[in-house]
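Below is a structure I'd like to ask you about.
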């Protein structure tokens, strides 16, 4: 399926050696993967800066006893159904919930959704994790 | 349910004013929440540096056509069942999958799990998003 | 000289206790300073996102034996004299130089200057550290 | 002077194309440099996690009218002369100073120095920027 090209680069020998040791330490199977991973990470950062569509996750932690909190989170999510693929909910302990929204859409819209959720009273944590749709990231 | 105390701090008047404008811009409902959110963010960073248990998410994007990839990811996840609460899987398009693992456990173990998954050939993206169990984060 | 106001916030008692322990661990002298520091950090991030003027540093490491490198760095810096307050240069060892540019100006212009310097062949490291002019940050 | 090796990697053609466009956008002169820069950035992060010696900068902004502030900063710096290469000081405006400490030493010691400085009352900003000595980073 894939469509590979050889890319040949000149590297200082000592830099190549240190890179090889780092590859071994992390368990990365090949140099090609290690280089491609670094390239992809830089491209994902760029997609969030000026791309049309990204994916990611909004991660929230809250005490479900907080009055009205669940309802507010649900209403905001329903206004953003076009951005949210699904919501996963975990009962971490008697009090605390972990809720993970899988999201896809324009980076600015997702950032705005995150900001709206983060403004809800009673949340202990609300962060946005940046990923990619993979569509333009081979 | 909650157990509130008043905390009174001295702030430069102009700093307080700028903070209030920023609170309004982001839609945060009260100063108390805005201050508590900043405190919690700093404590979550600290939990990942020296805490016993955290929660979070591992976010992966890959082309499901890649031979053997699904199996490798599944095997690594089965060796870490004590860290993984659940896995959520999305078909982003004909080729690309978004997979989000909700995780909970010691920060070093979660970091190691992320490193193992990230080393799998064929992944386009594999990042770790840090959150909290909320248990010691009121 | 300063112009203080009292800001009183309601915090969960356990959150306030954890914050106090963190304040003690880091050696921060008062709660007021700890809160103000968190607020200022969030405002500095915002200044870089949408402010008019910021300060900061561009940090470069390079081997001074690299042919033409010093000249190229100097030419780029001379085209940006309005952004660069001064350049500090250190001979780290026989080969390596550390060069720190103190910068002040519009955040986009500083980011562009950093990008131009980072593109110079022979640099081992070129990063941009974000700070503030302090003018609107009491 | 340098001691180059060819490193040849297999990349998906579309990934290589996107990387080339990104290289052109940023003005990076060659693929070899772009790849080496990504590798070096990952190695600098690793040096700060488990290395013996790094370099960097501590960046502070403060109002020089704040009573006793200059003296406290100076005393802390004198206790850390083995870590501080030099201090550069700028009068940003009538009130605000930008002070940049060039630092070199074990990453934990530099982090501790930064923490001590950050705890000083009256600072508006105190951040630590991570770089490298370049000695083991060709």
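All chains are identified by letter, namely A, B, C and D, in their written order; residue positions are counted from 1 within each chain.
As a working rule, a residue touches a chain if its C-beta (ideal position, glycine included) is under 8 Å from a C-beta of that chain, and two chains touch if they have at least 3 such contacts.
Computed from a predicted model, the values in this text were never measured in an experiment.
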When each step joins two chains that touch, the fewest steps from chain B to chain D total 2
Neighbour overlap between chain C and chain D returns none
For the copies chain B and chain C, the interface residues, called same if over half of the numbers are used by both and different if under half, are same
Chain B to chain C, mean C-alpha position gap in Å, rounds to 26
Between the Cα centroids of chain A and chain C the separation in whole angstrom comes to 26
Rounded to the nearest Å, the gap between Cα centres of chain A and chain B is 9
Expected list for chain A, residues touching two or more other chains, is 40, 137-138
Among line, ring, star, complete and other, the chain contact graph is ring
Contacting chain pairs, sorted by label, are A-B, A-D, B-C, C-D
Within the complex, chain B is touched by chain A residues 1, 26-30, 33, 37, 40, 44, 55-57, 59, 61-63, 65-66, 85-86, 88, 90, 92-93, 95-98, 100, 102, 104, 115-116, 118-119, 121, 123-125, 127, 129-135, 137-138
The answer for chain D against chain A in the complex is residues 2-16, 18-19, 22, 31-32, 35-36, 38-40, 42-43, 46, 136-138
